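In the two complexes below, subunit A is the common chain; its partner is subunit B in one and subunit C in the other.
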Partner chain A sequence: MTETGEKKGLPDVFIEPINMSELDRGFRKEIQSMPNGEELSACFACSTCTSACPVANIWEIKPHQLIRMIILGMREKVLSSKEIWLCLTCFECQERCPQGVRVTDIFFDCKNLAAEENMIPDSIVALGKELLEKGQLYIVTADWEREDLDLEPDVPGLSTDAVKRVLGGTRTGRLVKGGK
Partner chain B sequence: MGDTVIVVGAGLAGIQVSHQLADLGLRVHLVEKEATVGGLSAHLGKVFPTDDCALCLDACEELFSGHHRRCQYRSLLGTQKKLSLHTLTEVRSIKHEGDKFSVSLKTTPRYVLLDRCVVCLECINVCDVEVPDELNLGRVLRRAVYRPIPQGVPLAPIIDMNSCTKCSKCVDVCKVDAIDLEQKCKTRTIKADAVVLATGVEESSPSVLPGYAYGHCEDVLTQRELGRLLDSAGPSNGKALTASGRQVGSVTMILCAGSRDLNAVEYCSRACCTYSLKHAIMLREQGVDVTICYMDLRVPTHSQSFLERARESDVTFVRGKPDHVVVREGSPVTIVEDTESQKRLEIESDLVVLASPLVPHAAEREVFNSFLDKYGFAARHNALKGIYACGTSTGANDIPGSVAEANSVALEVYMALKGGA
Partner chain C sequence: MSIYSLYMGCSVPANYPNYEASMLKVAESFELTLEYLNDVACCGSPNLRAMDYWGWALVNARTLALADITEHDIVTPCNGCFGSLKDVYHLLKHDTEYRTSINVELEAEDLEFTGTSRPRHFIEVLYTDVGLDSIRKKISKPLDGVGIAIHYGCHLLRPGDVTEITPEVLSELVRVTGAHVVEYPLWKQCCGATVLPVDEALAIRLARDKLKSMKEAGAAFVTVVCPACCNQLDLQQLGLRELYGEKFDLPILFYPQILGLALGFDEDEVGLGMNRVPAKPILQHFSK
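Up next is the complex of A and B:
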């Protein structure tokens, strides 16, 4: 690779030095062993994922940086980052990656690892709670939404019991109840 | 062993290998499917590493005089005794018979007889039919009888029968009876002792990697098309103009627009970094602002000066691969994450130029299939003894690399046919 010219002074954004002793060298292998993580190290940091992403503009850590951080082994920083939860899962980055890195799927892997270690943002836990208690995320308000469309107030045949029961036995259930 | 060699493709590598072999005393048939020689290089105007006119890079009497400046225009391609040039000719089949190859050729008519035409060009002046000139992005018109490239060898014009009205004005005006509107296809078979594939590459359509608005916006071009604009013999005499005819003020270039991408073309096209830099420098000379978006710059050592000159002439480099180009108020806007400043940039410019991948010509033709790898490139030495390849038919390459490979293959063919060992 050829560098483009002498840099005048410091770069526009000064990056905090990475503390080598805090790196977890096993993290890359851990992600690679998870579903769809094999291509992780094929990333050549071209940043196509970031320019494809509809929301990364407001992220502090960009998608290509998250991938780089995983490869470097910055386990704590990645798993505690809010960005993996802000991902829209639109898969644009994954579709456009020239190296076939499954970026969105890797973020799912990270979310799963973070969930295992109880590092989920409160807002996400609140969503889980909603699902667990009501069996659905978006409750149809019977008073006007359905009425305006000339529909009867209750959704016919809607049953959320099974969803609630199943979820209760999953990790979502455990996380909402505050346990491991 | 006999001494007949067929070279397929009269691009720079094909011309080079043919001249070398003819000079070494072998009988060479140079087969070219287009009407003129030069291949991709003849589209490019100036070429690196010397910034010469591409037509000057080939083949004339001074072959051994230590000069590199060799002009296709004044070349011996048409006159060298041991070298026959067959233009408008395609290879129909290659049959292996003993230690020889029986190669069947099909020549489509030019309608202008090469052995009679004196290139007075009266026929072009008298022709009434005007159609868009596809070589010059359709921005200018040409006649039905025309020369695809002004100095292209052979110099005689060609008649495009799809637009010709057969009004016979050209036949009447021609004082040497060189025009035959009823010329037919010809086939012939040549027995050869070796076949050299120099089938070359073409710039692929940018549609191999969608998202860059090519085809939606007329001001999104490929590097070859920009090369036509910047050619002094091109549609705007070398001036960079937008499709609407306005002088261009700013240009954004996107490198690897399809190369090195598992979704499009896996390999590196090798020449595009350098010719993008060459075009960037030419645009800077016209006072145009140039931004180059790259993921890596892969400039070979012999072309490093282009990178230095681009830096000195204040070309802006953005390290990041754009994902898409959107069209706002008719102008293309490139969206890219600059990984150095960590900022998302939306670069508005008059032109966006894509470095589209170079893809092999040979892959289009079934007759060459058995010699090609999964990408459509041939090995320099085929498993079948007597089949060679050189230039960009062995992999995308720049001109110095192609010519060097052509020289090396010429010697190998000579050693195999005439070597004393």
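Up next is the complex of A and C:
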């Protein structure tokens, strides 16, 4: 046991200091300019979002902390966090925010910014690849089941070309071609 | 007789023709004309929204614009498609700048989002346009008060200001069939479908907790209105036997299957044999 200020069971540092020089002051504005991001500043860190989240228990950085980190400008930490990709998108947090902050929508915005910088799980890019190559996420495999029920053999009304064409020219196309 | 533009998405037709067929039967019973909307794109799911918001908004705006031409509301049986369409509809209705940029892109195909056609979930059409009274009158084989737990699915109910659907819509529809709605603690909890590609163990655990909560509350059957939720609760249930050593034996039915049976359709017409956890035990609960 060392003597360096460590009293029984207490950590050396209670709160990791934030390095002010690493903050990106524009991050808040960046999110606020994205879809449903405007209400961000209304957050007063009550952590109702965290209480509502079914999986916050296993998140190192909790939902209310992510929101606070965005406001402070901790852009890189937020965008590289695994938590934003583990959001269930169940909207429980957003629904209960007493300040009308669109928490889930803001996490969607964060994922878009992260994706733009290639910080995106491979499995999500793989879904994008499916969409680009097949034009749909699910393919009919058991066509006899459809036949048994007098349904037309393929997915009704679907144009796979439309998806391929549209997403080929957007970020999905760039991410998939980028070979990440 | 009302006419609607039907948007199936890809998951229901590919994985759950029993949902599609039972919905069509039920619609026919109430003289709802569902016309397949042609040339539409896959909604991309919340995962496309996460990766490429603009692309997601564009494919869904395109679908909405195609529905606008028909001047009929666009109806879907899938919570995922409903969530995407309704969210993009909400965005374009409220953000004129975004709407202008989207319409500039759509112009290449001579399309325009006008917002005339409203995206609606099939069960909300049943609830609002048909109504509980008309449904009650047509029920020839009511259920005997058997306990059914409802898994609403997140994107059916939330965000509430976007979806504009309250839980009563589905719970009243279940009650009108003669079933008892079983309340359970985790009724709001997510099935885990969206995180399946990123963290499979977490997704399965969420489904398992949900099933456990329903079973412990005394549910004999479960109803869903979303193919992704059905994957999680029905299909994954088989895997849970190995993973957790737990056997729930909780049949998962799409709501139109239950209503269809109560309206007098036979089990083959609602594709009851296609449900992964055998659902036939429910037949004993309909009056003869």
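Points worth noting:
By our rule, the second predicted complex is superposed on the first by the 142 of 180 C-alpha atoms of A that agree within 3 Å, B and C clash if a C-alpha of one lies under 4 Å from a C-alpha of the other, contacts with A are read in each partner's own complex, and residues count from 1 in each chain.
Following the convention adopted for this analysis, a contact is a pair of C-beta atoms (placed from the backbone, for glycine too) under 8 Å apart; a residue touches a chain by one contact, two chains touch by 3 or more.
Quick caveat: nothing in here was measured; it's all calculated off a predicted structure.
Of the two partner chains, subunit C is the only one that A:Pro121 touches; subunit B does not reach it. By the touch criterion defined above, A:Asp109 reaches subunit C but does not reach subunit B.
Contacts of A:Ser51 after superposition: subunit B is touched, whereas subunit C is not reached. Touched residues of subunit A, counted separately for subunit B and subunit C, are more numerous for C. When both complexes are overlaid on chain A, the residue A:Leu72 reaches neither subunit B nor subunit C. Looking at the shared chain after the overlay, A:Leu23 reaches neither subunit B nor subunit C.
Shared-chain residue A:Ala162: touches subunit C; no touch with subunit B.
The interface of subunit A with subunit B overlaps its interface with subunit C at residues 92, 95. Across the interface of their complex, subunit B is touched by residues 1-2, 4-5, 11-13, 44-52, 56-57, 62, 64, 92, 95-100 of subunit A.
Of all residues in subunit B, only 211, 256, 260-264, 294-299, 307, 311, 317, 319-324, 335-337, 339-344 touch subunit A in the complex they form.
Within the complex formed with subunit A, the subunit C residues making contact are 6-8, 10-11, 13-15, 17-18, 20-21, 36-42, 44-55, 57-59, 62, 91, 95, 98, 154-155, 158-160, 188-190, 192, 194-195, 197-199, 202, 206, 268-269, 271, 274. Interface of subunit A with subunit C (complex): residues 34-36, 54-55, 58, 85-92, 94-95, 102, 104-105, 108-109, 111-112, 115, 120-121, 123-128, 131, 135-142, 145-146, 148-151, 154-160, 162-163, 166-167, 170-172, 175.
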